[in-house]
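Below, subunit A partners subunit B and then partners subunit C, in two separate complexes.
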Partner chain A sequence: MSNALLPAGSTRVDPQAAAAPARRRKPLSVRAYTWFRVGALIVVVLALLAPLAWLFASSLKTNVDIYDASKTIVFTPTLENYVNVITRNNYFVYIFNSFWVALVSTVLSLLLGVPAAYAMSRFTMHRSALVVLMARVIPGISLLVPWYYVFSNMRMVGGFTVLILSHMFVALPLIVYIMMSYFDSMPLELEESAQVDGLTPIGAFQKITLPLSVGGMATSGILAFIFSWNNFMFALVLSGAHTKTLPVAIFDFVSYASIDWGGLMAAATVVTVPIMVIALFTQKYIVSGMTAGATKG
Partner chain B sequence: MKRRSVLQLLAVAVVVPFGVAACGGGGGGGKASSTVRVTLANHVWTDGIKAAIPEFEKESGLKVELTQLGEDQLSDQYNVKLNAGSDEIDVMMYRPLQEGKQFAKNTYLADLTKHVSSDASWDWKDFQPGPVTASTFDGKVVGVPIITEREVLYYRKDLLEAAGVAVPKTMAELEAAAKKISETNKGIAGFVARTNKSAAVTQFSSFLYSFGGDFMDDSGKSTIATPEAKAAYAFYGGLINKYGPANVSTDMSWPEAMAIFTQGNAAFYTEADSLYKNATDTAKSKVAGTVGFAALPAGPAGAKPYNIPSWGLAINSASGNQDNAWKFIQWATSKERTLAAQKAGVPGPRSSVWADADGISTYPKDLAEAIAFSAEHGVGHDRPLVIAVGKAREIVGEPIVTAITGGDSAAAATTSNAAFQKFLESDK
Partner chain C sequence: MSVSVKTPAGRRSAPPPRSFSDWANQHRKWLFAAPAMIFVGLLIIFPLAWTVYLSLTDSHGSVRAPSDFIGLNNYVTVLSDTDRFWPAVGRTAYFTFTALAVEMVLGMIIALLLWRPFRGEKWVRVAILLPLVATPVAVGMMWRLIFDPNIGFANQMLGWVGIPPQPWLSGQYTALPTTIFMDIWQWTPMVVLILLAGLTSLSDEPDEAARVDGASARQRFFYITLPLMMPTVIVAILLRSIDALKTFDILYATKGKGGGSFHEVETLNVYAYGLSFDYNEYGVASAVLIIFFLIIIAFMWVLTRRRKGAQQ
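Take a look at the complex of A and B:
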């Protein structure tokens, strides 16, 4: 165990010599550690899943039962809330709106951000990188009024274009920064040897560097997609009746004199499930992307 | 070849979303267009109007473009859009007491004085005086009330009967009844009401008036540390502290307090009458069959519940389509529409509709009586009449929480009084 605590690469330990005594000592300390790990995992997973489980259970209850403490776990499930969400509240339209805005803003941000990150990484443009980062440092709300002013004068508020642009504003810096550290960690020799073999610098980027950085693009793309999917503030002000996205639409279940908790929970489930499915299938990219640039190179 | 294909892909990727944008959104429209852009809050009133809009479109030849949002989202949107001088909103649903003064001061709201007196058959004089005052700023009419609200007493008929107590007519009787019921019924609170310092202010206001106090005097000075106000704070908070639910949260707005009542865990509840369907609808309430309503019990200064317009319609002063916007308002606030909305459970602002037997046909009889009493004796505001209402509520609500938690509410009122006075001086 003690080896793991040492900084990586600080001492050279013969792997076999280290592994052998550990295997012999296994019984007590390792077993205790395993139990501790299992226990800790259960606690963490429960803490994280309990609200989701509560959300899902509530989406299957009637409004009276949601408040009834005696029916927290045992209750008669009903699908009425989902029927209500899908049929009466145009949820397919909102799902499409959210999906379209998230997809297009992510793809466009990747198209612009990846070459930008490459240039900033290869030509060490630190000041430009800092300017890009400013966009993420400034709180979004302070941009909203000027944006609204500009876009409403251009008669663009309420369309998809303005929503996509606003989401790109946040997604781009994210993508640029993740990709920059990704490119930084990639050995320059690869491109140099490609150029020796007759490729132009752009050709080397296209044929060698780009295919190798798919992992980083997936990570930053997914993170940008999740941001856009969950974004409420920009969509609230900049969307129109036809371009409302899911996070804004959810509030339709909250009225002045009545709150449809069941419908709200069902709608929240509808919003959460797609993004969870996407995250589950792409988690290996996200995890490797989170550490991108930290230990490599 | 390769590079060209990449460029083509990029071009397609850039052009396609904008194409969709063109068919999906847009709809700017020029000045005085035949499309009226209406922004409404999520409300039962809105549901009724929405269903009836085709009628209006057929009659007037105009087209209505409706945007519907939750109340806080609506507020946020107005603050951004009206601040930017947007003309993309023609008709706006707003809260006269919460935002009216701020909006009017910023000249977001068009002057409707000329419009309201233009049509005798629509009859502006039919609107109750309290709500009309609240929709007027500097002598100009800036809004037309659509929904009104009064504080009434919700109670459980079965619990009162079992305990052998009559429906309380005075605050002292209310306290005695709450005490008796909470002592004889284990696990059931004698009294429940809002406890969150900001949310509770409106429901506390009727207690304040009935004890002879108010938030400020005519000269605009804070009066929340007068003996009357201190007694009101101590009484409202004390009821919840002594006879309220065990371990009561101090963060309850109406959904939480209403849930305690509708799950059958409280005997008395003071709340806005416009929420009554939450208590009488079997899909939302376990005690739907046994809920009774009464006017707010009288305090030392009599029974003085608030009677306010919770929502009104106004016209955006930057709109280039004001005449058509007025046509929509005129239709939406007509006697017929008000009657239809009132029958659907939305208390309206028109005296003639309340006087009409048809207008109260769908209400529980005791509720209709309580409303009639409150409309007559009501006070026209339920929160301090200032510009930054949200901030003011936080300040004047502080002693309520202190009283609920059993602290020294008189000392808290003195502290809040100084803070509120300072706030009033800066709120200009």
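Take a look at the complex of A and C:
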């Protein structure tokens, strides 16, 4: 970098010798930028994390402490809210419901979506792909009324099947979208040489392409799981008392008369923390999924 | 000139299939795609067609109740409704454009700050990831406490610097900007990730060349980096606007049904939800949804055309 700044006509200097003084005394503008950058990034991190810290702190406060301005930062933490959330409000049931719906809808969407994405990528079925991806654009509510009608006639509203199907509406397009860009970037030669060696096309897909696309399936599967876990609108209409998922169950702490703030914050923490832990361990996949297809045509 | 006659060496000229395996291999294109396509057809295309039909009837009360075909009357009703519909359109546009503009500018600044490697990068990345994956309803509840006019931390902070308390979510005119703020907090990280992926895939050479020619940092950004980033910027706008237009969770979590007592955060999505599931006005609701859908499609169409233009 420092060499590029030298005037074009200058005699060649030993790079080591040139780099050493440059490191000791960088130009003022560079140093100023470094400090600006550090300061700005600290502000960004604080702005992103402080509200979450506030959520967590409030979940450890009694409702009396939440109303007390003198206990904003210094307070005696208590697990009372969590005990309340888990025992009196059956949160284990809702945690299981959320987990089950997210898991099954993700697995089923992978089973349908991965082969479809493969066919759409290899045979360039642009129009079919467009139809699947259109699902990402449609407002979910426009499907809810017909779904509600059909499924209530079949006495399925309130059951797991409907919830899982509705969450697949979110997961499937996502998986097809990510896997298509994954298959697009995978060289054809591997499959072709496998076929020369005697595998059938489907055999080559099973034994060569699928094992190589585990990364893509992890990426799209994790994102589908997160989106299903976080989904609120479909469960709000289609879930019943026994199949309620966590985002809907949160509203138990809000009534017209008053809000149980401590319980509400504990419930919000219970919803968010599992997904954040998953996200921390699978950061690489989430980032590659969120940015899939963003940097190329 | 000799013309060589070639038969296309496609699957059609292959010998007739002998076993199921041969048949499956020959038709794998549709065999692979069919399950997903059938799912999409049954759960998306068919219901969507039904919504179009419902929008042409006076269906209300119960979907099972008989309804009459009334042509485009619902659309006339909706489009002449200056009480709820047009304000909802205005709020949707205001929400989407403000959130999008702030998120793009902030996202670009943060992405540029993160562009070159530095120590502690890992921690900043974690901080960026957490809001992104947090459950929107829980995020709404979190901000609802922070922005509570009486006990919220936001007003407490304002008090420290001597600014009078604000009504935030409970104010008729401050509620919508407050929800926009929440959207910005949660989704700027996504813009950062997308733009950062774009920045890292850029080649260093144009930037270096401009540097050698004596271009300032600002000139290099506006004349080199930004034009090269345009396709990625448009993808980010596209992905963000699809979701911003359809925002529902945080609005419902913070203001409840109907977008509050003055409908202060009632966007098209919230309005359509209320018509369908609070008032059971299926016919009118379907008309609103079809109009909403057409608005989204038009928006996407313009953006994808822009993107193609930016790539050439």
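Rule of thumb we're sticking to: the second predicted complex is superposed on the first by the 246 of 297 C-alpha atoms of A that agree within 3 Å, B and C clash if a C-alpha of one lies under 4 Å from a C-alpha of the other, contacts with A are read in each partner's own complex, and residues count from 1 in each chain.
Criterion: a contact is a pair of C-beta atoms (placed from the backbone, for glycine too) under 8 Å apart; a residue touches a chain by one contact, two chains touch by 3 or more.
Just so it is clear, the model here is predicted, and its values are computed rather than measured.
Asker: Once the two structures are overlaid on subunit A, check if subunit B and subunit C clash or fit side by side.
Answerer: Pair status: clash.
Asker: If you stack the two complexes on chain A, which partner ends up touching A:Leu79: first (subunit B), second (subunit C), both, or neither?
Answerer: Neither partner.
Asker: Look at A:Tyr148 in the shared chain and tell me whether it touches subunit B only, subunit C only, both, or neither; answer first, second, both or neither.
Answerer: Touch partners of A:Tyr148: subunit B and subunit C.
Asker: Using the touch definition from the top, say if A:Ala119 reaches subunit B (first), subunit C (second), both or neither.
Answerer: Second partner only, subunit C.
Asker: Taking the superposition on A as described, I'd like to know which of subunit B and subunit C A:Val214 touches: first, second, both or neither.
Answerer: In the superposition, A:Val214 touches no partner, neither subunit B nor subunit C.
Asker: Residues of subunit A touched: more by subunit B or subunit C?
Answerer: Of the two chains, more subunit A residues are contacted by C.
Asker: Between subunit B and subunit C, whom does A:His242 touch in the aligned arrangement: first, second, both, or neither?
Answerer: So A:His242 only meets subunit B here.
Asker: Applying the document's definition of touch, where does A:Tyr67 land relative to subunit B and subunit C: first, second, both, or neither?
Answerer: Both subunit B and subunit C are touched by A:Tyr67.
Asker: With both complexes overlaid on chain A, does A:Ala32 touch subunit B (first), subunit C (second), both or neither?
Answerer: After superposition on chain A, A:Ala32 lies in contact with neither partner.
Asker: Scan A:Leu48 for contacts with subunit B and subunit C and give back first, second, both or neither.
Answerer: second
Asker: Identify the overlap between the subunit B-contacting and the subunit C-contacting residues of subunit A.
Answerer: 67, 111, 144-145, 148-149, 202, 236-237
Asker: Give the list of subunit B residues in touch with subunit A in this complex.
Answerer: 2-3, 6, 10, 13-14, 16-18, 20-22, 24-28, 41-44, 65-71, 73, 76-77, 80-81, 83-86, 88, 255, 259, 262-263, 272, 274-275, 277-278, 282-286, 310-311
Asker: Where on subunit A is subunit B touching in the complex?
Answerer: 62-64, 67-68, 100, 104, 107-108, 111, 144-145, 148-149, 152, 155-162, 164, 202, 206, 236-237, 240-243, 248, 251-252, 254-259
Asker: Which of the residues in subunit C end up touching subunit A in this complex?
Answerer: Residues 21, 24-25, 28-33, 35-37, 39-40, 43-48, 50-51, 54, 63-64, 109-110, 113-114, 118, 123-139, 141-143, 145-146, 151, 153, 156, 185, 189-190, 193-194, 196-198, 201, 208, 211-212, 231-232, 235-236, 239, 242, 246, 248-249, 252-253, 269, 272-273, 276-277, 282, 285-286, 289-290, 292-293, 296-297, 300, 311.
Asker: Within the complex, which stretch of subunit A touches subunit C?
Answerer: Interface residues on the subunit A side: 4-5, 8, 37, 40-41, 44-45, 47-49, 51-52, 54-55, 58, 66-67, 69, 72, 111-113, 115-116, 118-120, 122-123, 125, 128, 131-132, 134-150, 153, 165, 168-169, 172, 176, 200-202, 205, 226, 229-230, 232-233, 236-237, 246-247, 250, 261, 264-265, 267-269, 271-272, 275-276, 278-280, 283, 286-287, 290-291, 293-295, 297.
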